[in-house]
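Just so it is clear, A, B, C and D label the chains in written order, and each chain counts residues from 1 on its own.
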Amino acid sequence: MTEHTEQTESCGFEPKIMAFVCNWCTYAGADLAGTSRMEYRPNVRIIKLPCTGRIDPLFIIKAFENGADGVLVSGCHPGDCHYTTGNYHARRRWIGFKNLMEFTGIDMRRLHFSWVSASEAIKWVDLINGITDEIKKIGPFMEYKGLKEKASL
Amino acid sequence: MKIPYYPGCTLNTVAKDFDLSAKTSALAMGFELAELPQWNCCGATFPLTPDNIIALTAPAKVLSNARLAGDTLTTLCSVCYNVLKRTNKVIRDDKERRSTINGFIEADYDGSLNIIHFLEILRDRIGFEKVKKAVKKPLNGLKAASYYGCMLLRPFEDMGIDDSEAPMIMENLVTALGAEPVTFPNKIECCGAHLAMNNEDIVTRLSGNVMTSAVNSGAEIIVTTCPLCHYNLEKSQPKVAESTPGYKNVPIVYFTQLLGLALGQNEAGLGFDKNQWDARPLLKKKGLL
Amino acid sequence: MPRIGVFVCQCGNNIAATVDTKKVAEEMKNLPGVVFACDYKFMCSSPGQDMLKNAIKDNKLDGVIVSACSPHMHEKTFRKACESAGLNPYQCEITNIREQCSWVHHDKTKKAGTLKSADLTRMTIERLKKNKPLAKIKIPVKKKAIVIGGGIAGIQAALDIAEGGVDVIIVEKEPSIGGNMARLSETFPTMDCSQCILTPKMVEAELHERITLYTYSEIEKVDGYIGNFTVQIRRKSKYVDEERCTGCGECIEKCPFKVDSAFELGMTKRKVIYTPFPQSVPNVPVIDAPNCTKIQKDKCGVCAIVCGPKCIDFKMEDKIVTVEAGAIIVATGYQLMPNERFGEYGYGRIKDVISGMQFERLASASGPTGGEIKRPSDGKVPRSVVFIQCAGSRDEKKGVSYCSKVCCMYTAKHTMLYSHKVHHGQSYVFYMDIRAGGKRYEEFVRRAIEHDNAMYLRGRVSRVYERDGKVLVQGADTLSGNQVEIEADMVVLATAIISRDGADTLAQKLSIGYDKYKFYNEYHPKLKPVETVTAGIFLAGTCMGPMDIPDSVAQGSAAASKVLSLFSADEMTREPITAIVNKVTCNSCWDCLTACPYSAIERDAVKNRQGVITKWLAKVNEGVCQGCGVCVAACRSKSIDLRGYTDEQVFAAINAF
Amino acid sequence: MKIKLAQSAIEGSEINQLERVTGEELKRCYQCGKCSAGCPVSFAMDIPPTQIMRFLQLGMFDDVMKANSLWVCVGCLQCYARCPQGCSVANVLEGLRQMVLRKGEDHYGVKEISARFLEKAPQQAIVCGFRKFVS
């Protein structure tokens, strides 16, 4: 039995984590983790976008509404963006965006930003393990649970 | 026009001739060097380690007192100029050190003074053209070498009075006075400075290099802006003459002495008698006295 | 209701070991819109693909999900298979359950892997439901290239393109092509005479039927995108009719006025009507208008009188020509840092302190001294010469921090040329490091030291000054730990190579990037060394940074091959992942326009029936748009969306989470 | 001389203190030799400026402290004015002097100064000399 399943059984709460990643760096980095047969926690679901610059703040809010306990946004390192400056745009947007998130009552520990390049499989693995464990500690994100159902009523 | 003036300790004592000739020349050019009512020694060396704040307090005190007298301060001695100008820049640009310094000297000085050298007054405020017009007795035929030393010029980004590798401000003045400027390679090299205190050999060698370089380039007289340079050159000259075959002693004077002379001031008020190597025979020979 | 088919791959045991593929397929069958689901051993194999194609036809599928390996692996394969079965390829989506699931979750109970695979597949299915069929974008390619800069890099690029059968225009701002190489005497490491190897290439470029030379010309404006650039070129007035001029040189001969020759770096004079150097291509003189008394004061006119074919026209004006081209190569080269910046070396004050490039002219047979090394002050042959390397390079305080790369080599070359031309002369070289990393380069430097008696001193020079007709050099030899003083007859500075004045303005016209020194940025320093971020614009030579002739030529050829491969088809296709504006809601705030890293968004005039402009709306130029989606996130009114990654698609995936 | 290198010496506390006091980054010096080339008193130094920087990079603080270089530097700033890396050996040497003087050790006793010098020399030389040599 792997280390991971042991943990799942003892801990009980399995957080759901949504990751928005860019196609060129982080997606490829995650692929490399796969081809290198590294192991990491299975809690993350990736949504691929061309660039972190494509990410709309609403994506993140929607993810939480849909039951995410944590959200990760990851793209190319500054200066390495496939689209030259897309990730700078993303970064600039976060500054204003962070305030908004806090305002809407999202614990900032649930939202992570990172850079993972196509060769940083280890970083990706550490990142996912780290975030999963941290969110396990914080516990499930209840504030938005049921929001979607309410909205559809 | 009155310009607040900081003489510094040396011009008040050993280099009285520098002070006198400058004051006299200034009057002849239509402005007055108004000595600060209250001043202290600048410390005679700018502390090179930024953490040595204590050493900045003396010049800072000078500056903060001077600010009460106006927004400009002029000096003559290269070292005072260097210390005051650099200290002023520290106070102006470095907020942290400014507040520490102000705490020490119990003042609230912000670095807003404009520190200018007497040479800059002549060049930038009056203009060498005007100086030339004011000359009553052109120093025709006098071959004068201008010696800058280090403190007037370096570091360039703080001092900025002239190109630090090829300054011309003194040569241009000398030309305006009708003399023949002699440029020589060692004009920006050090004279040995404070090593006068304990290392005569080095001073003799460095000052010697300056003087032989000037004389070999045809100088009959060497012009300085710094009492310490003046002292080191004068004092080293016998030994230099001894060890350099064919070397003839030359007078070492302050630029203000030549300025006063050219402006037609009475020789007695210019302090020529205080020079160790008397310039008067040379000046007489050239028909300038 | 959509008709979606789901294909879950086992990848032998690669997926099946930790994912219950059958179970995943079964679960998907329960989702609305899924009409077919199965798992299979190797989806990408021929039988696997055939199974997919048949299923599409048999079940009339309008959408396909393949849950298998990373889309970076087989997305193309499966989209192609769908296309051949009559399905729009963009109706096929991949779920990555191998790299993102089976390979990274080793749980042999298959619990975690199966759960995650099902989740991911479901998300993709929901996304697919919002997909719209897309068509690849086809862009016609105008098969003509423009090379900006006619130095060796540009000439090489143009010749290679022309040899490939494509028309090319060289735009050169000087009256002649040739660039800096035309000034060099002999060239390391083989010591061939620069003119001897360059002139044939210049002439070949002039005579090639596919090459057009626009000398004395500059780029005015660049519009368009890859395959379809529209370039305006300013052809500066030469005051000489190029077509009729026979190059007889009579006008130059008779012109009574002389000015400093820029080509000879001020070491000699040239006439007001001139060609920069005798082998100029084209061999047509130009009048230096600011210095011509006829043009300025309406006096003289001698040249026009003596010109047989009467081709001089003092009223000639600049012309703007517009050229359509499919690709552009930038090869604008370098210039040298002004030596006056280093007061301690005395350049400008001391006549016998010269630059390396001036030394090239002194050593050149066609130079001002006919190839004899004579010092500028008195024309004497210098008995000792000091070379100072890294003058301005590797100097963070007053110069540039980078290494100029060629000066170690050309200084070694200079000591050789000097020793060959002045027997018993002594050369000294002050260096910090010897950077001779090239084929036969280190051996070259050793030869200078061992056979040509160059005295190499490791250290910098503090000051250079004049004394008694000698140039005194005060330096250090750090290896012995001593100060060194040399009484030299001449000093040569190995001046830093810097970017051209105006390199930034040209870059802005072209929308290409440049670094803090205004050298142009390649797309990727290792893997895309001659591409730029703007598709269709390529780089060659020293406009990118210091390099020597072999590298400049290699890059010229590399850039040419890129152009030729671009031109190998009549039209280009590209992924239809581009932004699209909703004209109804766009409120012309232009947030997208400023956000787009590629300047792909334009202001588009909307006219009413009378043809009067009523408003301006954002419009995406599909040729330029790279599909990053930055604009989409920037638009506050949600009026712009990205095909293939629409808000709808992304939200659908999130909702299925 | 054979130098035994160890990390503890390279990152020694005196070196750190020196960097702190002077604001100079010793690592930046790339040993070009320009400072030594122009220093007017290099000829009289046990360890000339370029090597001062090198010795300190190697952590050889004690060797540098023993050298006369600290005391013969005239503070003319030739070294700083021309250093391509913007280093100031002058500042480093002053920092070293400070480290001696702040321990209360005079380099030159007041009594050693000749009476003739005190009488004739310009005040500035005396003040400056005291500053540089006396704690």
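Note that contacts are C-beta pairs under 8 Å (C-beta built on N, C-alpha and C of every residue); 3 or more make two chains touch, one makes a residue touch a chain.
As the structure is a computational prediction, the values presented were derived from the model and not from experiment.
Looking at B-D and C-D, which pair shares more C-beta contacts?
B-D
Name the most central chain, where centre means the mean of Cα atoms.
C
Could you please state the distance in Å, as a whole number, between where the Cα atoms of chain B are centred and where those of chain D are centred?
Spacing between the chain centres: roughly 27 Å.
Based only on mean CA positions, could you tell me how far chain C sits from chain D in angstrom?
Chain centroid spacing, chain C to chain D, equals 48 Å.
Per the centroid of Cα atoms for each chain, what is the distance between chain A and chain B, given in Å?
69
Hey, how far is the Cα centre of chain A from the one of chain C, in Å?
Chain A and chain C have C-alpha centres separated by 37 Å.
If a residue has to touch 2 or more other chains to count, which residues of chain C qualify?
344, 463
Please set out, as single numbers or ranges, the residues of chain A touching at least two other chains.
none
Can you list every residue of chain D that touches 2 or more other chains, as numbers and ranges?
Within chain D, residues 78 contact more than one other chain.
For this structure, enumerate the chain pairs that meet the touch criterion.
All touching pairs, sorted by chain label, are A-C, B-C, B-D, C-D.
Which of the residues in chain D come into contact with chain C in the complex?
30-39, 42-43, 48, 50-51, 78, 82-86
Would you tell me which residues of chain B are touching chain C in their complex?
Touching chain C: residues 163-166, 185, 213, 216 of chain B.
Which of the residues in chain C end up touching chain A in this complex?
70-72, 96, 98-101, 103-109, 111-113, 115-116, 119-120, 123, 513, 533, 577, 595, 597-598, 626-630, 632-634, 642, 645, 647, 650-651, 653-655, 657
Touching chain C in the complex: which residues of chain A?
Chain A residues touching chain C: 2, 4-5, 8, 16, 18, 27-28, 30-31, 33-35, 37-40, 42, 45-51, 53-56, 59, 62-63, 66-68, 82-86, 89-90, 93, 125.
Using the touch definition from the top, list the residues of chain D that touch chain B in their complex.
Listed in rising order, the residues are 20-23, 40-41, 44, 72, 74-78, 80-81, 88, 90-91, 94-95, 98, 108, 112-113, 117, 120-129, 131-133.
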